[in-house]
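Next up is a structure, given as structure tokens.
Chains: A, B, C, D and E, in written order; residue numbering restarts at 1 for each.
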Amino acid sequence: MSMTVATRNALRTGTVLFLFALVGTAMLAFTHDQTEPVITRSQQAEKLALINQVLPASSYDNDLLASRQDLPPDDLLGTRQPSALWIARRGSQVTAVVLEAIAPDGYAGDIALLIGIDIDGKVTGVRVTAHHETPGLGDYIDRAKSAWIDQFSGKSLTDPESKRWKVAKDGGAFDARAGATITPRAVVKAVKSALDYFARHRAAFVAAPPAKEKKA
Amino acid sequence: MMTMSEFRSLFHNGLIKQNTGLVQLLGLCPLLAISNNVVNALSLGLATTMVMAASSGAVSSVRHFVPNEIRIPVFVLIIAALVTVIDLAMNAFVHPLYLVLGIFIPLITTNCIVLARADAFAAKNHPLHSVVDAISMGLGLTLVLIVLGAIRELAGKGTLLSGIDMVFGQAAKGWVLHILPHYQGFLLAILPPGAFIALGLLIAANNWNKARAVQRVRAAVPMAT
Amino acid sequence: MLAAIGVMAILAVAIGLVLGWSAIRFKVEGNPLAEKIDAILPQTQCGQCGFPGCRPYAEAIAKGEADINQCPPGGEEGVKKLAELLGVEPKPLDETHGTPKPKSVAFIDENTCIGCTLCIQACPVDAISGAAKQMHTIITAECTGCELCLPPCPVDCISMVPIAEDLPHWKWKHPVVMMKQIAETEDA
Amino acid sequence: MSRELFRFKGGVHPPEHKAESTSRPIHAAPLPKKLVIPLRQHIGNPAKPVVEVGERVLKGQMIAAADGYISTAVHASSSGTVAAIDLQPVPHISGLPDLCITIETDGRDEWVAHAPLDYQAMESPQLRMQLRDLGLAGLGGAVFPSAVKLDPGASHACPTLIINGGECEPWITCDDMLMRHHADEILQGVAIMRHLLGSTEILVGIEDNKPEALDSMRSAAAKLDFAVEVVKVPARYPGGGAKQMIETLTGKQVPSGKLSTDIGIQVFNVGTSYALARAIHHGEPLISRLVTVTGHVLRPQNFEVLIGTPMHTLITLAGDRDGTTGVLMGGPMMGVPVPNLDVPVVKATNCILVKSKELFPPLPKALPCIRCTRCADACPAELQPQELFRFAKAGDFGRAQEYHLFDCIECGCCSYVCPSHIPLVDFYRYAKGEIWAREKDKRAADLARERHEFRQFRQEREKKEKAEKLAAKAQAKRAELAAVPAAEGAAVSDADAKKALIAAALARAQAKKTDTAPKNVDQLTPEQLHQIEEIEARRTKIRELARKPLESEEKKP
Amino acid sequence: MASPFILDRTSVTQVMAWVLAALLPGIATYVWLFGPGILVTLSLATVTALAAEAAMLKARGYPAKPFLADLSAIVTAWLLALSLPSLAPWWLIITGTLFAIVVAKHLYGGLGQNIFNPAMVGYAVLIVSFPVQMTHWAGPNELTSVHLTLAQSATVIFGGDVPRTTLDAVTMATPLDALRTGLLQQLTVDEVMTHPIFGHYGGVGFEWLAGAFLLGGLLLWALRIISWQVPLAFLAGIWLTAGFLNFYDAGRFGPPWFHLFAPSVMLGAFFIATDPVSGATTPRGKLVFGLGAGFLTMAIRTWGGFPDGVAFAILLMNLCVPLIDQYTQPRIYGGADKEPRT
């Protein structure tokens, strides 16, 4: 034999490891194939479930997830990166939009919001999707912690009137818990700005062609 | 095949004597991070047990074919493959729970308990023994996780089993136990420091119990000399 | 998919080759752990552990073939040090290997000794001087108190003499400031 | 007289209690019936006896000679007969006895022939040998052989000579009294030191709480033909320590791990200087010293005491009182408790301090260390006592050494100020003792290992040599056999005879073993019997092991 | 027992008693300016601490007498009580005190063994767990319309039926809270400072309180119970950091004097950071410890999640103590100036 002991040993371990890698990867490939469609479905279902919290499923009949568009960063939305917009239709009629917004002046940084607004400029629902507020203090804006966020439903720029879009402590129409007013203040401000944004771009949203959806 | 006493000693070893959470203090990262309520704790515990049983069985079955030099890479490969399979399966079939357990499922790969048992036990023992050992170790960990989760959930929120709907669907929402109604909540218990404090107390209780047992034995058997 | 399998396979082959080759090429001879264990052992060379000397016992511990509690001359403290070095729980001395005794040195009764040299051959540290048919003497400074010279002596002229505590050998005891005891005496 | 003084860091100022024993003059203590003179009264090797039991000795006669360079001789303090050379109780913290020479005095106090030394005419080494034979040792407390300290060595010139009149420990006044009454003789001693060391600057440091001593020393110094500066230093404990006195007077610190001579300074206690003067100018060896007897006694005062006088006689002289709770040799800060009152006064005995409950209330119970660092503020060695304590308590001696445990002078300041009342110094003494003991054990183990390894090497080599020799022999034999086949029988019988002899001897030994078996086993418990059995079994095994190589060697020929 | 055989008179009990005495001017000022509610808090904390200490000593097998007599539990209780909002509910006070004594002190080994300052551990647990209740600060008498009597305060603390309006009328944001809230609303420092709570330096009432604690601290220093290094370095750390930030942008960062005289700084500097057990022991180490704590306090106030950072800053520095001590070992007598080998 011309091979050294080291080379022989190397070939042996190399082969064994190769076989194990082959079997392992094949197993993974198989599982991945089997689960991929299910995973995609559950991810979409999850997203839709979230959107449906701010926009009742009954108010549209299009494939809402497929209607997603990117909005450019805008001060009114508090965004510094493109954010998502979904346009709900019943038939060919635009009935509402769902958009992402950010309240940048939370007690501890950004508060990410998902806001549903119907075509009349009325809020259909608001959810906080990410925040860093003090647990137990500012985190009651989270629907999982309290129903506080529900009070936005049905509100519009005229109801209450613009100057009452404030927390109660500042003489506005929205409650806030004692000792923690910064967080709700930020949320109220952000929702109002989002409504302003919607009002400004309403025409464009309504006119948006549903062409993209067909493709999807 | 294994006798009843072997079986019992393996379980005693896994649940009490060599308990991973309280005695060996292995795999603390997921243990501490996930134990903020019972449901999370139970789920991760069971997932880890599953991975351990499968990987120990696999490792033990192939132990004669693996050269010593590459045993660690092979074991890691087996464990990683199994974990990824479970990860994908959970993502597909219990998606909400997957969202909560999140990164901790892939991390089971690097959980030292899994590799430790594979290397220390499964690599030297019969597959049946190895699987039993892995299950007992996993259950030992699950037990600690549940106790820790229960302590933290109860102290932190006054409830038990909150979030069970993520495992069993909406129907399970009513199963949540509100043990302490109108409880103010003790946030620290749910936050990471609470995990350390609660685990510390558990370990202390375990050690105290052991010390007492030793004392009892000493008291029962008068010194020979 | 195939790409994934390919990458994994190539990686596996590469790692396997390197590991297999290194395992042979970089094999380390000798055992540094045994050295460290040997440094803790008291070097009495008494063989009570069941091994012919401290070094073989150290090697056996390093290989995991012997327990750490088989050395009575090292005492509980020795076990503790070994446990610390090896990262295991200390355990009580295994009494089947004997119990710690006060430090002693061998003493040869000069009237009885017949000069048979058997003890000289048994002494592991060459601490007995003498020649055939001559009276033997223990070199006290070098005697480890291992007692190995006792059994071979045909006339039982060797005895172990404990090293008495005298002024030059005296040392301070640990000052006991156990608050419990102190305060108890105060209460009493 | 306006010398700039320097302040050493740390230190404490406990109540002085000096006045009690300075109001009475110095008395000579009467000659006791029995003198017990320890051979280990100084640092270094103990002296070696040069007399025998029953021998008559004269006052001042050397009874034990110095053993080595760092050692010094011991003398009979009075005339009488050597009654014993054996272990007797000595003033040591352990309470263990030590080798002493007991002299039954004859009351005649008869001097051995002695004469002054003309030190200026003598060679230095020769003079120092004389001083060693006169038993001189430092009387400040450390009892270091003076002859060694008076050797400036080849390179170490000692331009500065400091005479330490600092007596910082509370209660002790023997140096104070000595300076008040024997200033001239002290300075005579200084002249001799100056001669031996070649010093150019001579400083005497005396604390400001001894004005009489200062005056007396100053007026004596004024009469000298060389300059001696008597300096008043502030009274603060441990200002009388050599290193502290050096810093106070010169501002220099003795580097850690070095000697004061390394920075050109040598320090002597006033008592040593006095003893030196007596030795040179009268030829008297060190057989007596001043001892303060104070504390809980009727008449606190200083005595001139013969070395070897039992302490109880001094306490009786000073008038013992009821309610004594113990006796210390030395002061309250660094003194040692005396195990019993029969122990003799030794060269290091500067004070006998009788304790009572009122003067020395029992120390309060220790609480845990709260790391308040009062000890660090008080430590004159500028250590971190709280850390040393932590390491010593935990047995972490390596770390204790890293934190300079061996720079601790055991002055007791840390224990004194500790609000938790922890006996800190005890921990340092313990740690030092352990470290020394461990080093000793380690050396012993290393030696054993080395010898064992050498033995194995030797056995290997012998075996090899034997095998070679045998091979050569066998070859020779084969050749021989081929030549003379008839010679076979004789060789075999020869080997057989040798084997039989050894076997017989072994059998004898075996028989003896079994015969001499269990003794004194009647009253043993079953457990003990069992234990004995086990030990016997093990021994048998070892015996077999021990025999095996012998047998195998036998079989070879 | 060996030498020395005599002791200085000072004992741990005396040291602790002096600390308590030095707190009295602060407490008196507190009562005078903010109402007598603090007395209820102090008593409740003291009783809880003593009970917890006795129970833990018993559980650990230590005799209660000498350890209760050392007063250290009371010092912890007082320091915690003085850090809590004056109208904090009873269960908050008890929880905090229990945590301080049971977990932070005894589970770490009791007197002398705790690596963290027990009072600050108690405070940290509370502020993390009960942020809402930790805002129940009674406003200074000067600014509030309703002044509670001792009995009324007790009613509030023990959860009695108190009209919400009364409570709202009594409680107020602390100056630090007010500053933080204002700055978060993008107001400038000057705009925020028009709020009536801001006094000359550190907030109405609070600045006098700070002065009283400073006085007590100076007393401790004069008695050599605390060393000058820690308080001075701590105050310097705050002053320098705040000064630098204020110099950098006076609109976004409060003035240094305000930060020095804001509540908790003087208490922290002279009574909490100087805790010998959990603090650095070497002279240089004390300076490092104080400076670090001062800087961290300002960092947390400026960028952290809570309005005040003294407690967290001191706890963080407690963690660093072994390291600080190791690297700041002083030169020994006659020794070269270098730290011990590791």
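In this section, contacts are C-beta pairs under 8 Å (C-beta built on N, C-alpha and C of every residue); 3 or more make two chains touch, one makes a residue touch a chain.
Computed from a prediction, not measured in an experiment: that's the story for all the values here.
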Centroid-based (C-alpha) most distant chain relative to chain C: A
Maximum distance between Cα centroids and chain D occurs for chain A
What pair of chains is linked by the largest number of C-beta pairs in contact? D-E
State, to the nearest whole Å, the distance from the C-alpha centre of chain B to the C-alpha centre of chain E. 40
With centres defined as the mean C-alpha position, give me the chain C-chain E separation in Å. 54
Can you check how far apart chain A and chain E are, centre to centre, with Cα atoms defining each centre and the answer in Å? 43
Among the residues of chain D, which are close enough to touch at least two other chains? 365, 367-368, 423, 426, 429
Two or more other chains touching the same residue: where does that happen in chain C? 12, 15-16, 19-20, 23, 179, 183, 186
At least two partner chains per residue is the criterion; list those residues in chain A. 9, 12-13, 16-17, 20-21, 24-25, 28, 32, 136
Residue numbers of chain E touching chain B in their complex, please. 91, 95, 103, 107, 125, 128-131, 133
Chain B touches which residues of chain C in the complex? 12, 15-16, 19-20, 22-23
Hey, which residues of chain C end up touching chain D in the complex? 38, 41-45, 47-48, 52-55, 96, 98, 116, 121-122, 124-127, 142, 144, 148, 150-152, 154-156, 165-167, 170-175, 177, 179, 182-183, 186
Applying the document's contact rule, which stretches of chain E touch chain A when the two form their complex? 129-132, 135, 168, 181, 184-186, 305
In their shared complex, chain B is touched by residues of chain A numbered 9, 12-13, 16-17, 20-21, 24-25, 27-28, 31-32, 35, 38-39, 42-43, 45-46, 135-136
